[in-house]
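Chains here go by letter, A, B, C and D, matching the order in which they are written, and residues are numbered from 1 within each.
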Amino acid sequence: MSAAGELVSEPAAIPKYDIVRAALVELRVTDIEASERFYSELLGMVVAGRTKEALYLRGWEERSHHSLILRHSAAPGASRLGFRVRAEADLDLLAEEFDARDLPVKWVEGRDPGMGRALRAWDPFGYPLEFFYEMEQVETQMQRFDLHRGAPLLRIDHLNLHTPHIEEGFRFWRGLGFRCSEYISTDGEEEQLTAAWLLRKPNVHDVALTLGRGPRLHHTAFWVGEPAGVLRACDQLAAAGAAHAIERGPGRHGVSNAFFVYLRDPDGHRIELYACDYYTGDPDLKPLRWSASDTRCRTFWGTRAPDSWYEESTSILGPDGEVVSTEEPGLDERDQRSEVMA
Amino acid sequence: MSAAGELVSEPAAIPKYDIVRAALVELRVTDIEASERFYSELLGMVVAGRTKEALYLRGWEERSHHSLILRHSAAPGASRLGFRVRAEADLDLLAEEFDARDLPVKWVEGRDPGMGRALRAWDPFGYPLEFFYEMEQVETQMQRFDLHRGAPLLRIDHLNLHTPHIEEGFRFWRGLGFRCSEYISTDGEEEQLTAAWLLRKPNVHDVALTLGRGPRLHHTAFWVGEPAGVLRACDQLAAAGAAHAIERGPGRHGVSNAFFVYLRDPDGHRIELYACDYYTGDPDLKPLRWSASDTRCRTFWGTRAPDSWYEESTSILGPDGEVVSTEEPGLDERDQRSEVMA
Amino acid sequence: MSAAGELVSEPAAIPKYDIVRAALVELRVTDIEASERFYSELLGMVVAGRTKEALYLRGWEERSHHSLILRHSAAPGASRLGFRVRAEADLDLLAEEFDARDLPVKWVEGRDPGMGRALRAWDPFGYPLEFFYEMEQVETQMQRFDLHRGAPLLRIDHLNLHTPHIEEGFRFWRGLGFRCSEYISTDGEEEQLTAAWLLRKPNVHDVALTLGRGPRLHHTAFWVGEPAGVLRACDQLAAAGAAHAIERGPGRHGVSNAFFVYLRDPDGHRIELYACDYYTGDPDLKPLRWSASDTRCRTFWGTRAPDSWYEESTSILGPDGEVVSTEEPGLDERDQRSEVMA
Amino acid sequence: MSAAGELVSEPAAIPKYDIVRAALVELRVTDIEASERFYSELLGMVVAGRTKEALYLRGWEERSHHSLILRHSAAPGASRLGFRVRAEADLDLLAEEFDARDLPVKWVEGRDPGMGRALRAWDPFGYPLEFFYEMEQVETQMQRFDLHRGAPLLRIDHLNLHTPHIEEGFRFWRGLGFRCSEYISTDGEEEQLTAAWLLRKPNVHDVALTLGRGPRLHHTAFWVGEPAGVLRACDQLAAAGAAHAIERGPGRHGVSNAFFVYLRDPDGHRIELYACDYYTGDPDLKPLRWSASDTRCRTFWGTRAPDSWYEESTSILGPDGEVVSTEEPGLDERDQRSEVMA
């Protein structure tokens, strides 16, 4: 077995703390009204609350107060990638672990409506993680079909990170107890990872790593109940004059089997509408490999993703709100792709 | 061949006038605000106009000003079954024909916004027909997906009549140039028609005849683009507290292959949402027969229609607004049904 | 808070063993060829293996060798309700627990292709449980869309039990670490549970309890990716002459939000095709209550379930293959239902 | 009004003959087994018959014996574009008309199973038209859902022609009684047609003209009942290793509102799966204009069609089987397109 094959097949750590799932993202936006129109009016997300500087949103199914924070800023960026833990005490265990690894942490509290104490931590690659337990529980609006608009977006599903350090990144997340469902690697003796899907909740992923210039946030995904919802979102966006927001798809992913479309918000932040992946909770889950040369791994129907999808991503903001500087990877997944025409 | 088989197989007349399609219905309603809430807010139809006494609605695809008129009245009923003709002169030809048959006619004009001269005519069974050519053409809103609500209802498709005189009715409509696509008849030597589907535009029907107490209007159907729309309408009605409006389905018809649901409006008028039937425009179209004992003809999946669906219908209003008296048929289709359980 | 409200709100036990999910059912069938035609040819399940006496099937997504066993028998019944555990050692911990409760257990091994050691245990109500860790892992056929037929059925989702002892049953499952997502209870001061949905994997349920004569198996559910698949299954069953197998639906559940249809196999075993429920993995999940008088809890669209759905179920087979005798409950959920017609 | 606007707004001729619809295409293929695998096995069309040299296929809904003929040949091409007429006598009227215009005609009979006498005629641009009345009527398999595979393809819908002489072509078809539903034209004073949709049966088209090198056949379209069927076809093609056959889409057309995907068969012939267009049978139908600079006219969601879609088409075969030589148009629709990014 190759190095990459061995790497992905090692079992995940079983840490003392329990990260439940990806649960929150904070995006910095330059025109909060334009963003509200996009997320609330066009995509139909539920407005959970607002402050002078920020707008809080959630999906129709969600019972947690919010899963998306849009905060006004002079320049766009991603300032928090949030994960819910199983118990308050897990936060202290995580703080100990980051301390032990000499990674910076900070406790925050009372900053966001509906949230309690949270642990801010920066991983070795510069991503701004946040772990929290307490969030106000609200009534689900899953069955208020009469109010649904757009897709509709039901709940946050996962975060996808652009990174040049994919194997180190893989080890980091596995160390937090994340398991691997699928991965893409190059062919040949020097097999290299070009993407990996990592999970805590039992579907395909909470976090994906995509080889590319980073650290950057590639996209945030929201779950939609069925392909028909993804199509309806495209129709509604186009009808409202926002067809330019549709970047890639709709289509079927080879990896994850999901039916998807990728959108770009007014600041260029990428949002995926995501439906139809599968159950991964069994103890002997084996990662599925896709070859980077297989035209079906990115889109099962063989369609190439546009260059923007490989190249553009959201900047990461550091502890003081500064844009974290990025590095290029040594390899481009697109170069591995062999276009086979029958 | 049996009598019923012979009847349905005779070719339609080729009259000098050209009836294009079923295009309009006027329903009398007792609470026009409740009706507006049902058709516009819950089902999402487009409000085309209103007068002191009436509300005019159309589907999202339609370019004709309106296809549904709701007129305030002390008691509910159906007061117009409207058909569009190909040219203004067809109205005069139709007037001649009804005159020649000693059937009452009346010219009306300037009564409804967007409409020109129309010919009101009563058929031999008491149904209040209206033929018109001129109607204001408006912009379609078919692709205003961002405004669509509910199913959405795209266009009027057909009218279904409850009648005890089904074979005479069949002959009457065939005389106007209507062709037959499908029919249900009893088994055995004395085959009798229990339902027939008759068309001018080339899908399954513009007018259907259903054996039962009549003359009454069984239902008015609106076209929906796909089964997913029918399901969404049910979800939205139920979410808005109007689950009681769902009378039958959703399901697949054996006859017509349509995917359907039947609703009852606040006055009990029955509305069908109808998708997925087929093309019938070829010159050698042969009527398809279903046996009244075949559990799949009404619902392909074998589900029985509720008794209300067989028994209840909208009263027909006569020339002076009076309820036309009804007769019972000699036969009940339900009695012909053999329930086969494997 | 009422007694039932208090009962469902108590937290689940956190046992030392870890039951992952409902994973297997064994049904006794009287004509294995008729059953194979139903499950494999009509519903399109994958045939995983066969012995002289039994047929092993799985869904298209599943990587475990089988999830449904059909075993030939003189009379129909359910002989195993199977659950997968996280580790081999969990089986020994479960054996200790059942021993400590004076409940019968038995170790079985080498009986079924692809399976290792399993713990058979009978719960206090007579249900034949089976816990196992080891099962051969096979390649998923989730993306062999070219081979899919019918719905298609992707994976086993849950088991639903008819029981007269619903509150005692609730306590038993909660003792095994099952959490409650939703429940139905009667109105008024003497609130009584009439149904409860209990889970280990984070969707709506692995086991549901339905008040009724028991112990019996009410149904086994398989996950389908989207409502369109449920409709397609109905169309295909009816086209193949098996419309009589469709007992209830398709429709939307109020409880669970699932889009469903209930089928009856050639021996009358009830199968649910189930799509579109929701995520329940957060630590502070609060059970949702539905009133037994709410016409939307069973079908969101208000449609009544047929009497057969309330009354008929699969007999449970005891340790020696005998039919376990049943008891009637003191209450009928249907009597609580108030039909509101607007 | 501009020249192009005037052109499309002139009423269609009302000829003495009555062309019912586009009903047949004959494609020459180089490997008939590969073609059969594509159309029958992968796309699931019904095999209606075969001779030593040709394969006859139809859609699941169709009651006419065949709508697609694949004939073995050394080089690929399109050798017949077939139209059904309302009566046998219409063929003689058409022969007179072509004669009067000095266009070549030929009577053929007994050449194809299920067909009677047919009139072969070459239009002024070199397209090989065929008009016929008599075709064997067979039982529809529309409701044999248990046998359907792929999309499934229900019936032939239209033919799309690549032509450099779009305005002359428009006049030719209008002279045969075809009406115009939609068109694309360039902006500015010298408005020029770049595409037009022309119909006899009342949906968006039977024949479309697309500006480009011609005479060539751009594609043949088959009707699919709903978007879900289009997606399923893509999934099944990709699963069977034929993802390379998917050229463009799936997507929503701005023009026609249809949900579509374009496929390429083993010889490169382009097939469209087409769902969800609209009714056009009213007498006062006004053509809808799209600007060639509107990114939504080709795909409502703004996605560019690939260059192959604009450039590649099937050669037309002349009276002696020779490839008809082609001309380039003076204008490229793509040059008119302004890409607007918000």
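To be clear about the criterion, contacts are C-beta pairs under 8 Å (C-beta built on N, C-alpha and C of every residue); 3 or more make two chains touch, one makes a residue touch a chain.
Not measured: the values here are computed from a predicted model.
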{"item": "Contact distance in steps, from chain B to chain C", "value": "1"}
{"item": "Chain whose Cα centroid lies at the greatest distance from that of chain D", "value": "C"}
{"item": "C-D against A-C, pair bridged by the larger set of C-beta contacts", "value": "A-C"}
{"item": "Where chain A and chain D are represented by their mean Cα positions, the distance between them in whole Å", "value": "43"}
{"item": "Whole-Å gap separating chain A and chain C, where each centre is the average of the chain's CA atoms", "value": "33"}
{"item": "Approximate Å spacing (C-alpha centroids) for the pair chain C, chain D", "value": "50"}
{"item": "Shared-contact residues (touching 2 or more other chains) in chain D", "value": "143, 227-228, 235, 237-239, 300"}
{"item": "Residue ranges of chain C touching chain A (in the complex, touch as defined)", "value": "20-21, 61, 63-64, 84, 86-87, 133, 137, 140, 142-143, 154-155, 201-202, 223, 225-228, 254, 257, 275-276, 278-279, 281-284, 286, 288, 300"}
{"item": "Complex contacts: residues of chain C adjacent to chain D", "value": "42, 143-148, 228, 232, 235-240"}
{"item": "List of chain D residues in touch with chain A within their complex", "value": "227-228, 231, 234-235, 237-239, 242-246, 250-252, 259, 266, 295-296, 300-303, 340-342"}
